[in-house]
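We call the chains A, B and C, going by the order they appear; numbering starts again at 1 in every chain.
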């Protein structure tokens, strides 16, 4: 028994003296609680919506007033025609449009039955379901108040829900863009850092440095295959999405590929930066996972909409490349938006890429570091 | 112009001083050895020479070029073989050699003549993955890769460590063969016996140079006469000798005790095990015969004592002790 | 060295598939003996040692370690031996004292015994100031000496040393061997492998392995006389060179 205890004690000491195990044991659970606790909200606040009031009567005005007053919604546009809808969705400013047909009020009071069209942004299925659910609840709430006033048949408001971009509200519309984001950054950043650090670990890096090969040749040479292979990866995923799920690319394919290339470059630059900071492959993997995969998964808007998170998470996610890329991919792939819509996000990625490239160029040493032994 | 010149090199890693005011010159075409154990600073010095590190203090020139300022030019003329060989384990012998030839802007064919005596021993295995070679074969491949671009100077960091005795011998024979090409070679090794194969050597320990000279002159520098004492019971012999040499009363030596810290012998005497004998130096006024009688009296009859030529290791020990006191 | 045998090996064979790593090894080791095990890498030394340590079972043959049958009770063997290897000996992120106490605990020593012995050990090695130092901060020479002391801390019957003095400076190497001698004088058998041929001379008897077989086994003096060489190194090269196909 004593032997066993002696061994257990040693294990505790190892755990407390290694920063990596400490992070996994304590840092991760804390992070997950914070994220899941706050980020995952199944309630809605201030979701942007638009209304198209073709009825212009008291009833529609009252319902719109209720929508306005509720904390769940914020009416961003009072549309006057169907024209603005597509653009508004593409720009991502609104999550749904509520459309009241002509004679809405009349039909409701006289026939006891009227339809309201709700068109939701299906590119984010989770949000879409939430939003339409809340809207329907408000409509039902309203009709129940009406019932008390009238003595004849119970009026019913029929919500006619359509999912824009994603008619069948299929979840893979959400997943495929997210998966592309995740895989690209993982492959380009993780694999790049590992391959460079491996040379360091095996000692072959020394000989390369001493050779006539210029540092940029070494880096680009290491990184080029991954660039190429990542692109192949993307194409395969897109093809699979098309053939297996029937997921199309609504926007320009060329634009999509170009954005992917940009994103891959960014991942590669991050990978090079990581590799110049660590000496062992296992550390490279650890850091890549910790700083890239987890935040990408949880804070990029891939699974949990950023709008639902407290403001601070929103700010934090701004420094995460995946957040911007998910937006770009969704817009181009599913909403069919063009560069005009996503120029802001693209610019941010370009700036990030240049920043990381400059940083890693400075850090990559032409010689072995001081701490090397 | 010396092939290698180090001027007061000091290098620190944080609070640890790896090299302490090291100055050394190596002549053109010399086979120069740096002899010292692990942690002596050999790898650090060689990395500075290979332009991979900038020394904390001091400077070094190789072939007249400064290792810090002219590193780009210098890297074309250096053949570097770091410790652990640094070959690509998942590439074949052939592929490794071709790779190194290409990045140095040459082909295997161009300088094959130079590596032929070495490479042809592993050529039958040219399609084998480097990771699956024995230590001796890796050594030969690494040397070939370092030579393939016809460098003017070879920097070999512990090329014989972890390799069996036979391969070690063969390796030094290969190096001797290279000298005729006029390539300057600096080698580091922890094996003292390999020192004899060099033109000149530097003894290095704990970042300091203990001595620089030809192996022969180093051996001659041993300050006293050295004797080898032999007896079948080696441990008892060692203890008894220490006792005898340190006790004022040689006729009645005190029995030895557990020795874990070096037992202080009076200055100018020493008793160190060396293989099948114990090398001792005699205090002034003691004759070899006195030792034998003292040993007999201590219960070890039949011991023999002969004068012996000091080796590099004897000198190393002497210099180390002097440095430590 | 006494006549009592602590290791008895007779016709030991170890195969990995069709590859014969140990080919009919036969030898005995006596209590308190310092037994040297020489041979090139890949000759089969490590395989044999693993079997003697109870880490691997022989394919066939008789192997008795401290009277225990290695084929049937390898676990029992582990309690009676100590082990120190070149690649790993002490935990770098634990202190000197923590390492000692850990191994003491693993080998079932009582707390009181551990603390008295620890103090004693630190004294003898002149290590008192290093009690709370992390291993990774110690220079190599000190580490090796400490590792050995820890390996025999629990008074095993036999201690196995795998290239214990590799790369260590000449002074420390000799101090290390004095520790080995002193240990053997206490009755602990020492089984050591080394690449330093002069260290072969420090052993009572030496065996040379080549390609799975024992090609020489005797006292260093007798071996030199037999092969007509001045040193064990010459002898080694003489025996192994013609047979070395893998260059």
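By our rule, a residue touches a chain if its C-beta (ideal position, glycine included) is under 8 Å from a C-beta of that chain, and two chains touch if they have at least 3 such contacts.
Note that the structure is a prediction, hence the values are computed from the model and not measured.
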| item | value |
| --- | --- |
| Chain pair with the higher count of C-beta pairs in contact (B-C, A-C) | B-C |
| Centroid comparison with subunit C (C-alpha atoms), farthest chain | A |
| Centre-of-Cα separation between subunit C and subunit A, whole angstrom | 59 |
| Between subunit B and subunit C, centroid-to-centroid distance (C-alpha), Å | 26 |
| Subunit A-touching residues of subunit C, taken from the complex the two chains share | 91, 93-94, 98, 101-102, 104-108, 110 |
| Subunit A-facing residues of subunit B, complex | 13-14, 47, 50-54, 71, 75-76, 78, 80-89, 100, 103-105, 145 |
| Subunit B partner contacts - residues on subunit A that touch it in the complex | 202-204, 206-213, 366-368, 370-373 |
| Sites on subunit C touched by subunit B in the complex | 40-42, 124-126, 139-141, 145, 166-172, 174-175, 177-179, 181-182, 184-185, 195, 197-198, 201-202, 220-221, 231-233, 236-237, 240-241, 244, 246-247 |
| Partner subunit C, residues of subunit A touching it in the complex | 2-3, 5-7, 9-10, 13-14, 17-18 |
